[in-house]
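So, here's a batch of structures to check.
In the two complexes below, chain A is the common chain; its partner is chain B in one and chain C in the other.
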Partner chain A sequence: MRQLFIDIFFFGDRPHFERIGFLIFIIIVLVFPWMVTSAYGRAVMIKFLLFALFGLGWNLIGGYGGQVDLGQAKNVGFGAYATALMMVWWKTPFWITVIPGIVIAAAESFAVAYPMFRLKGHYFAIATLCVALVWKELFIFWDWTGGARGVEIPIRSGADFVYMQFNSPIYYHYFILFLFLLQFFFVNWFRKSKLGYEVQAVRDNEDAAASLGINVYRTKVINYTIAGGLGALGGSFMAVYYLYIDPDAVMPLDLSILIAMTVMVGGAGSIWGPIIGAAILIPLDMYLGAWLGAQKRLGIDFMIYAMIMMVIAAKEPKGVWGIIERVRKKGAR
Partner chain B sequence: MELAVQLIVYGILMGLVFSLIALGLSLIFGVMNIVNFAHGEFMMVGMYIAYLLSTFLPLDPLLSLPFAAGAGYLLGVVSYRLLIHHILRGPMVAQLFGTFGLMLFLRYLAMYIFTPDVRSVKQGILVGKTLSMGWINVDASKVFSAGVCVLAFAAVYWMIYRTKLGRALRATSIDSEAAKYMGIDTKGMNALAWGIGGATVALAGALLAHFYYVTPTVGMLFTLIAFATVALGGFGSIVGAFIAGVLIGLIMVVSGQFVSELKFSFIYIVYFLVVVFRPRGLFGW
Partner chain C sequence: MMLEVKNLVKEFGGLVANGDISFELRRGEILGLIGPNGAGKSTLFNCIAGYYKPTGGNILFEGKDITGWPPHQVTREGIARTFQGMKIMPNLTVEENVMIGAFCRTGNRQIARKEAWEILDLMGLTGEAEALPAGLPIAVQKRIELARAIATRPRLLMLDEMAAGLNPLETKEIIQTLQRIKEEKKLTLFLTEHVMEFIMTVSERVIVMAAGKKIAEGSPVEVARQEKVIEAYLGERYAKGR
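And then the complex of A and B:
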């Protein structure tokens, strides 16, 4: 029990400066809503935490697992739709809708993972993309999901902790922070668990991992299933935060790409990577997008994104975290 | 019956265009084992060139074909020299994100220049004309496009299998190291593959612009269609791409007739089924 507690909440294996960095980060996000009063700044912070959360989930499969998944948006969609539809149909409280969202996303991931992990590399990446696009077309096609019109969640007045609807972004800030920390500590446990080590061993060298008695196929499938379930959690939050969802908002290809990119830019396979990546890309996106949108200059923000992506791919595939690590190793020598 | 024949003819004509689109993807994959996510965006560039030349110059869109092919060639070679060359040795993830970045860059560059408006080529000898053969009616532009696609395909096939340059290209594709020791400029061959890939797909784009709308986001769909085509034909197989293109065209048109909202889903499902159950495709090795 004590060991489990340590595994979840401690970073004993990480160097000193990382632990201090994390502490500073936590303090900043805790006091943030009291320091920044502009609604826009708070919205940026909420979106940052949301994408850091998405990134943590994707990092399992894309970072620790080394399998490029370009379909995480489908899991976000499952979570968002489970929450929204159950709230509309049966007025189910938020915390209960989270569970079917995660279960559906995990079950679907498990089902498609079985055939999909016969594939490797590019084939796998394109297959994940195809699966996600089929789901999006189905959600537009079906009537019971609201089709292309989407789903609107009835608005409630006041602060409601059952349906998680609030008037003030401060509540949403701590709400998403709670979910983020939940997922963060789960991933912190995961990376040190037996499965976590197996997943990383498979990423580094499949044949060597297999020779040590690791069931490569099974490890990948379980890892993909867990990553799928984690994606749904953020989706549920999106449903109650935006109060309106449609397939273009919660399951587009761009979302899958942005999630994967957050992790790639920050540093795949590191627990800090998704946080760093989201801290770079989300403010860039929000402020640049707002500023350029005001000037009617569509597309420049994505062009900058794309250039970051190409430079990272060509020069530093390990992302910003890779650069930090290298600088530190040089300093230590 | 009439409808069935009409659908089949239409499907084959679309399929021949898909074949030409898939050709470049297959070639690039065959030579250097890299998947180009920006493939559809190269095609979009060809479409915009046809659109620009036919709208702002008194030039028939047919005359824009060589310009589109030339621009595609340049785009391919420049992308190779500036980006692909640097990511080739990196891990697979980096390759994927590199070409993905290229795709986003081209797409949003088009968005910036042309705005997201949907455009179409309005003037031209073939635009809007219909050919009637007995009781079958087909767009003249589609028949012409399919014809050009077959010719272009044959030309590339001839170049690869009948010329010395093509032999060098094939040698690079089989074993790049060994080819280098034999004095083949493998970097040049890689660039050539990207050039041919860009030229053929941009040519297909200029043809497609005759009867398909032009938007900055049109590329992704065709990239995925090309993936499905190449997977079905077998990655790296030129003949496979040709036959698979026709099959994919038929699948799309026939399924679109019954459930038009899901016609692209059928293509994704074909990709999924093929790579899972027969990863080497119909003609791959």
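And then the complex of A and C:
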């Protein structure tokens, strides 16, 4: 029991360094809504935490697992639709709708992982992309999910911790922070667990992993299943935060790619990578878009955005975290 | 009997890489497998370790038929292996590489770490524990592979070309390490090599392969005198001219 507590809440290999980083991060996000009072600033912060949360989940398959998955949006969609539809149909409280969201996403991931992991590398990436697009088309086509019109969650009055609807963004800030920390500590436990090490061994060398008694195929399928389930959690938040969802908002290709990009820019295969990546890309996206949009220069923000990503991808394949690690190691010597 | 290979056949398309190979491996012995390049040594290794599915024949490990089992199950049954071209996990530290081996027998990280450190100590790798394997010398990388294989707690250890790429001094060191861990962990060793000095000094018994067939079996001294063996290594003319 004590060991489990340590595994969840303590940092692994370089505890001192990581502890300081985490403390700084947590102080910033705790005081942020009291320092920044503009609605836009707070919205940027919430979106940052949301994408850091998505990134943490994707990091399991894309970072630790080394399998480029371009279909995480389908899991976000499953979470969002589970929450929205259950609230509309049966007035189910938020915290109960989270569970079927995660279970459906995990079950679907498990089912498609089985044939998909016969593919490798680029072929696997294309397969994940196709599966996600098929789901999006199905949700547009189906009437019982609201089709292309989407689903609207009825608005309630006042602060409501059962349906998680609030008047002030401060509540949403701490709400998403709570979900983020839940996932953060789960991933912190995962990366040091037996499964976490097996997943990394498979990423680095499949033959070697098999020679050490690891069932390569099974490890990939389980990892993909868990990553899928984690994707749904952020989706559930999106449903209650925006109060309106449609397939274009919660399961587009852009979302899948942005999730993958935040992790790659920040540093795949590190628990800090998704946080750093989201901290760079999300404010950049929102402020640059707003600023250039106001000057009627739409599209330029995407060009700048793409350029930054290309430079990072070309200069440092391990992302910003890779640069930090290298500088730190040089300092230690 | 530790390992029995009966009439093993492995074909790739029309090519017969292993044609009707049979041999036995006794508990606690060191068996060497030699032969010129392309003799089918690695194929035989991969068939036993589960990386290739044999076309025919049977492989029995401690009396249990393990023919065609996937590699991870073969390892869990008690056969560990190293690779000819080293396959070390490059993004994980030396300690983590060995820990993953130890995870084969336990789900607990503390136990796995403790075991990994015992083996690192045994292999003289404690100084490199925190390092990433990529920058380390080949001799050290070979030790990491060995340490990792031992961490899975095998009863039979199969070493593929352990001495390749090592200088004579490093070869001597790795022989000493091997003999020490064999005693300490009560292992049975099966090794392939085309460096003759290595295998002739280490093994108690030797199997010689050429062109996919077993051509000789016996003690190193016996085998080295056989005409067929000399022929396989040095060519027919040399053997006749002696």
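One rule holds in what follows: the second predicted complex is superposed on the first by the 331 of 333 C-alpha atoms of A that agree within 3 Å, B and C clash if a C-alpha of one lies under 4 Å from a C-alpha of the other, contacts with A are read in each partner's own complex, and residues count from 1 in each chain.
In this section, a contact is a pair of C-beta atoms (placed from the backbone, for glycine too) under 8 Å apart; a residue touches a chain by one contact, two chains touch by 3 or more.
Computed from a predicted model, the values in this text were never measured in an experiment.
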Applying the touch criterion given at the start, work out whether A:I257 contacts chain B, chain C, both or neither, answering first, second, both or neither. first
Once the two complexes are aligned on chain A, which partner has more residues of chain A within touching range, chain B or chain C? B
Touching A:S193, do we find chain B (first), chain C (second), both, or neither? second
Given the touch rule stated above, what does A:R203 touch, chain B (first), chain C (second), both, or neither? second
Now for A:A80: first (chain B), second (chain C), both, or neither, which partner does it touch? neither
A:L298 contacts which: chain B (first), chain C (second), both, neither? first
Check whether A:I140 is in contact with chain B, with chain C, with both or with neither, and answer first, second, both or neither. first
Counting only touches as set out at the top, which of chain B and chain C does A:V320 meet: first, second, both, neither? neither
Using the superposition on A, tell me which residues of chain A are in contact with chain B and, in the other complex, with chain C. none
Complex contact set, residues of chain B against chain A: 34-35, 83, 86-87, 90-98, 100-105, 107-112, 115-116, 216, 220, 224, 227-228, 231, 259, 261-262, 264-265, 268-269, 271-272, 275-276, 279
Chain B-facing residues of chain A, complex: 62, 66, 68, 115-116, 118-119, 121-123, 125-127, 129-131, 133-134, 137-138, 140-141, 253, 257, 260-261, 264, 268, 297-300, 302-303, 305-310, 312-315, 317
State the interface residues of chain A toward chain C in the complex, per the touch definition above. 3, 7, 13, 192-194, 197-198, 200-201, 203-205, 207-216, 269
Given the complex with chain A, which residues does chain C contribute to the contact? 49-51, 70-72, 75-76, 80-81, 83, 87-93, 96, 99-101, 103-104, 106-110, 112, 148-149, 151-152
